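Two complexes come next, and they have one chain in common, chain A, joined by chain B in the first and chain C in the second.
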Partner chain A sequence: MAIVTPLKTAAEQVLAQQFANVKAELPGAGPVRKLREDAFAGFEAKGLPHRRLEAWRYTDLRMMLREAKPLADGNAATQAVRDRLSTLKLDGLRLVLIDGAFNAELSGLDALPEGVAVHALADALVSPREDLTRILSGPGVAEGDTGLMLNTALMRDGVLVEIAEGTELAAPIAIISLASGDEEQAIFSRSVVLAGKGVKGSIVEISESAGAKAAQINTAIVFEAGDESEIQHIRLVTRQPAETVQVLSLLATVGAHAKFDSFALICNAGTVRQQHFVRYAGEHTEVGLRGVNLLGGQEHSDVTLVVDHEVPHGTSRELFKSIIGGEGTGVFQGKVIVRQHAQKTDGSMKSNALLLNDGATMFNKPELEIFADDVVCGHGATVAQIDGEQLFYLMARGLPRPQAEALVLQAFAGEAVEFVADEALRDLIMGEVEGWLANREHTAGKAA
Partner chain B sequence: MLEIRNLTVKIADEDTQILNGLNLTVNDGEVAAIMGPNGSGKSTLSYVIAGKEDYEVLDGEILLNGENVLEMEADARAAAGIFLAFQYPLEIPGVATMTFLKAAMNAQRRARGEDELLTPDFIKRVNAAADGLGINREMLRRPLNVGFSGGEKKRMEILQMALLAPSMCILDETDSGLDIDALRIVADGVNALRDKSRGFLVITHYQRLLEHIVPDTVHVMARGRIVRTGGKELALELEKSGYASYGEAA
Partner chain C sequence: MAAVQETIDQVKSIDVTEYKYGFVTELEVDKPAKGLTEDTVRYISARKNEPAWMLEWRLDAFRRWKTMTEPTWSRVNYPPIDYQNIYYYAAPKMGAQPKSLDEVDPAILETYKKLGIPLREQEILAGVAPENRVAVDAVFDSVSVVTTFKKELAEAGVIFCSISEAIQEHPELVKKYLATVVPVTDNYFATLNSAVFTDGSFVYIPKGVRCPMELSTYFRINEQNTGQFERTLIIAEEGSYVSYLEGCTAPKRDENQLHAAVVELIALDDAEIKYSTVQNWFPGDAEGKGGIYNFVTKRGDCRGKNSKISWTQVETGSAITWKYPSCILRGDGSRGEFYSIAVSNGMQQVDSGTKMIHLGRNTTSKIIAKGIAAGKSDSTYRGMVSAHRKATGARNFTNCDSLLIGDQCGAHTIPYIEAKTATAIFEHEATTSKIGEDQLFYCQQRGLSEEEAVALIVNGFVKEVLQQLPMEFAVEAQKLITISLEGSVG
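Right after this comes the complex of A and B.
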């Protein structure tokens, strides 16, 4: 009689071997070690997420990760890394991670804004801090996600940013994750932002590669935003080799009377799965999750989010805009949960995609799970082509087709970008959007 | 000068023929009106001249100053001097009106091999033209046509016409949706652009607009061709008799 055991893929076998090899060296003792081991056991039981899991239906990581690359263990501030940092137009505190490891030398630790404390996550993991494992676990709705479990098991480093009660940041704090890109490797990192009561400010996350070799990247960022805080999270994932495979988890717990807004731009990034897990820990809180995905070639962008209204009087807004050309694939899976006691919840979720040609694909799957009876919740998902009437109007004024298209597309993306409150960051994002469109315009102009 | 010869057009992907061997000439400096019942093909004619893609030209030619424009895309026709003031100007959310105006002016200048306008010069021109049309600065900062009233949209069309300085202006039902004050502003704007080097083709269902933009010539269009041509008095006659004698209900 044959005994049925789930077959491990080659990548899963390598990951198991890697975890066995490095678990003794990974930072964290006692509770953190247990957290890692439990997470890996959970991962091992399920394996890499695949299309038969509803949450991963359109991003089959098991297929995409045919082999697991060696774990990154260096911290190589190569010339390319330094060059990129010098050209990056971003004011404020910079916290630099190279291949997932915090680089103190390149980070502006000598000029920390008042009220801000920064630790390497590797240091924080070995500290006797008791609340760390709770914080790292994030909202309950994130529990059981195998992408996140793998991150928990293998997270090597990152930053822990603590912002003291009442602090108003004058400039954004940037967490800049650069893959050195000198060799193919796997990067696991996690960062934590703890914003006390009444904190106001922007946290920028940048993910890029300084070299041409594609990485497998699994990063997570955890936010605990206190009561009355107003936090903007801006994420730019760009300039990565096309073969990059990346999972980015955002775990946010937001207090009462607070505002938490997240915006993510994905362009020239390879295959990217973003997953947002948000929990309302207090009433009268507004959460906005937005983003723009610009896809071409074989690129793939998956935005999966779970917004958990646990308490009454919560407001949530989701708006994602995707422009997809080539053989690109966009995915939007949004789930808004309104628990039984979360009366007066106000939720609105939108995903709009423009397909530029026949080979482009978009999957939209908005879901509402409502257990309360006094709520206003809606969702809308559209997939369309560039509006021919708008295009003709612009061309009839003399704009050549590629330029007219670029203007329509820029406007389409701009509707999400305009929610970024910080003008300099908005300009930075629109600069990336315009660059992508100009590149496309140039290519389209050549083809015409 | 615009010369249209034997223009025969159907809707692309359909068998419906809209224009049936239409002949029309508009000389430089001339204001020609086209009147006709609904469904006679007036708007189609304006779209085909401007280069909209939804139509298939089966026969004929459209010459602007002797050059056939049918092979040109809409942007090239605009740069060559054709301007269509839309019956229903499109809203373009996210594109500031000023950004659009500058892009359009400079695209046409580039296409004609001229230098691009510098910002101060551009702003001066826009402000001068906007003042005459009662368009305020706040409107220019808003996204193009978004939230504009019917009258504001039509004034914005005339502003574009003034800035782009075309040689052949086509006005498609410019009076639709305008009250009498807005109509007067728009008509004044058009009249200010009348020039011996510039032709106008004014498409309208009603005679009302032609009291304010007085035409040199009036053409009656029915069933996809010009069926009668006369002076401005023809418009008044149509106002009395209606289009019934041209085989269509008004």
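Right after this comes the complex of A and C.
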């Protein structure tokens, strides 16, 4: 095939200019600088991802990013940000990023739980540990993704959390990314969680905006979960202006006999592309990736997974539930790779979507790529509307249609939420789901 | 380990010894110079004595093809094809178009006899119940040798002939329908086919007619370095029904041969077309040498209300298979079905599946695809189900399963499910597994050998699809499956 080099879009030209301007002042020299330069060169060669790229088939970032906003360079905490922080119901350590920059003042660094060390990523990049560039690169399956390359090139800050071997966290550690929302800007941040052998605990990742101006956000979180660890990752992306365009990459490398569970709730978030890249670094490991997407208006949520079973005896479970109203678009692209030596792999992937009205769209692409013969792998995908019989049952018992619908939808989303082990977090998530359902104006208005 | 070595030897031997259609027929043939230029296109058109409009159509396709690039998205690997090193036309020397079988070269008749394809109507009539008769169009390299039962079919109003003949005799129908389902520039191989297609079948079932017998085409590639470019067009008028079978074989040769076909089906109001394929092109030897590259575009258009198109395929041959028989469900209440078994062994690569495009209201579709991969082969299911905004009440059920035999092979599933209407109900499920040891144990305990047990389990696995095949083919297909899997127990 002929190699076509498209003309750069306006946004790509601005990004190139921005990178040239700031690369000298971005944290990190030597190997980190090289990592950034290589990543940007990779990005430049391919440009912003577009629908002709299989992995970005349904989320055309080139079309969505007509112009690149100016880079955020770490704003001070505004009153709106402080107010928002005070309303968050979360126990435990809070690590706060404002417009992508780590804010030590608002983070409770003086009361770190035992076994936990926290650094601003900007500091870690300046005096890098030997293995930092390797860690930042993530699993091999993430290589070549242009969304991630852009993050690598331009990441300014974030947090690096180290949890020492054997630590059991009593309360979750929250990484709270707030966009100030005072002006339209582009935020690039990256966080790293290094959990040693046998660590047990939850990491909560929250992305919200305190103001009304939409941001272009590109964040990545890297997990290295040691052998025998049990890590829960909970992500809430909500309360963002509708014009927000966000790319969230999750890079996880999970050790032997470990458990890694991730759950993500997307609602009222604008356009969100989540991409999970997971690699099994040891045998007898269980990974669960789940999520709920609640979409309305013009919202767009893309969940793209690449689960790479490199070693035998791995288990993977994926379950994503999408409720789509308005002119929302849901995308699920799951790919489970079972390499030749990964015998006895047990994989199961499921995506269920309910379309609430005409105008809503769902794209499902659950892929299996299998090279080992002694495996059990399945995937299921459904797209449907609310079951009329269930509604009838509830309405026959006296519930008005809007409540009946809300109850059915709540149960539908709940099937994924129930996998969140921590009760307080589960309640927090269910609270968001119920809030969304209560404010949903779309089909409820059409009540018969 | 001895057992492993034994298995390897067995697998090695099957493709070479078991491909029983691998003989060559020595014939004098007519062919133009190798390569593809406008002159080749003109030569083919002239040899077929085609009208000027057809030549123009071909040349237009050729010019467009030159501007296109070969697709690379499929999950198959092969060295670049040298399109200038292929003969685009090869016809056995027969003088004028034979008027009866007596004028056909006995060597060709012998070939079909060996393949078990009945070309003489009397032979078929003897001892076969009339309802089980099959009319055959036999295509040998680039030409149709003979079409049987033409007269009887004509009495029912059915037109069944080679496409070259249809261009001569029924130009109005060909003009009206050709390339309306697969546009000339649909894809690289379809465009190539449009420029150089040689023969294939043409079927026209008039309004309200239920075709009195099964129609079938038997494709044989014989010549060396020759590509086969067949074109089939089936039109079922309002309220008609036809069942069409297609079979293919080729000799064992060291080089890869190209087969790029286009099949178009058109079903008008209340019509039904059932299209079955048993594809058994030469798959290449155990090292992956030789074999047919099967790049085929097959598409059916349910143009009328309540029309139905069903594809059934058993794919055991070809070094590379690249085909996606699809249905465009345009008419309200139309129905598309796809049943497929793809068995791959040796170094075969299969990338196959279907597309169900729901456009009309209350359209339904069903996909059952079973892939069995053994040896070092790769089997990919790639399918798309989509519902347009106006396709209210669209319904799809998809089930694709893969069975892996041995740890050198791969199975992949790439489904695309796109719903743009809230009233669509789409379900997709897929599994991949290996033959259960408990199932094997159960069978062996009851006295079956390991190979018999595998065959039994595999037959159970594919039964859903085999049931859809017409009687004559079901038996043949069952045999094919045992052949491809023999020796792969390890």
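Rule of thumb we're sticking to: the second predicted complex is superposed on the first by the 435 of 448 C-alpha atoms of A that agree within 3 Å, B and C clash if a C-alpha of one lies under 4 Å from a C-alpha of the other, contacts with A are read in each partner's own complex, and residues count from 1 in each chain.
Basically, contacts are C-beta pairs under 8 Å (C-beta built on N, C-alpha and C of every residue); 3 or more make two chains touch, one makes a residue touch a chain.
Here the structure is a predicted model, which means the values were calculated and not measured.
When both complexes are overlaid on chain A, the residue A:379 reaches chain C alone and has no touch with chain B. Contacts of A:410 after superposition: chain B is touched, whereas chain C is not reached.
By the touch criterion defined above, A:399 lies against chain B but remains apart from chain C after alignment on the C-alpha atoms of chain A. More chain A residues lie in contact with C than with the other chain of the pair chain B and chain C. Applying the stated contact rule after C-alpha superposition, one finds that A:362 touches chain C and leaves chain B untouched.
By the touch criterion stated above, A:193 is placed in contact with neither chain B nor chain C. Look at A:342: by the touch rule set out above, it reaches neither chain B nor chain C. Look at A:101: by the touch rule set out above, it reaches neither chain B nor chain C. Of the two partner chains, chain B is the only one touched by A:389; chain C is not. Common to the chain B-facing and chain C-facing surfaces of chain A is no residue whatsoever. Across the complex, chain A meets chain C through its residues 1-2, 54, 340, 343, 353, 355-385. Of all residues in chain B, those touching chain A in their complex are 50-54, 73-75, 77-79, 83-84, 86, 89-90, 92-95, 100, 103-105, 107-108, 111, 143, 160, 164. For chain A in complex with chain B, the residues that touch the partner chain are 388-390, 392-401, 403-404, 407-408, 410-415, 418. By the touch criterion given at the top, residues 69-73, 389, 392, 402, 404-434 of chain C touch chain A in their complex.
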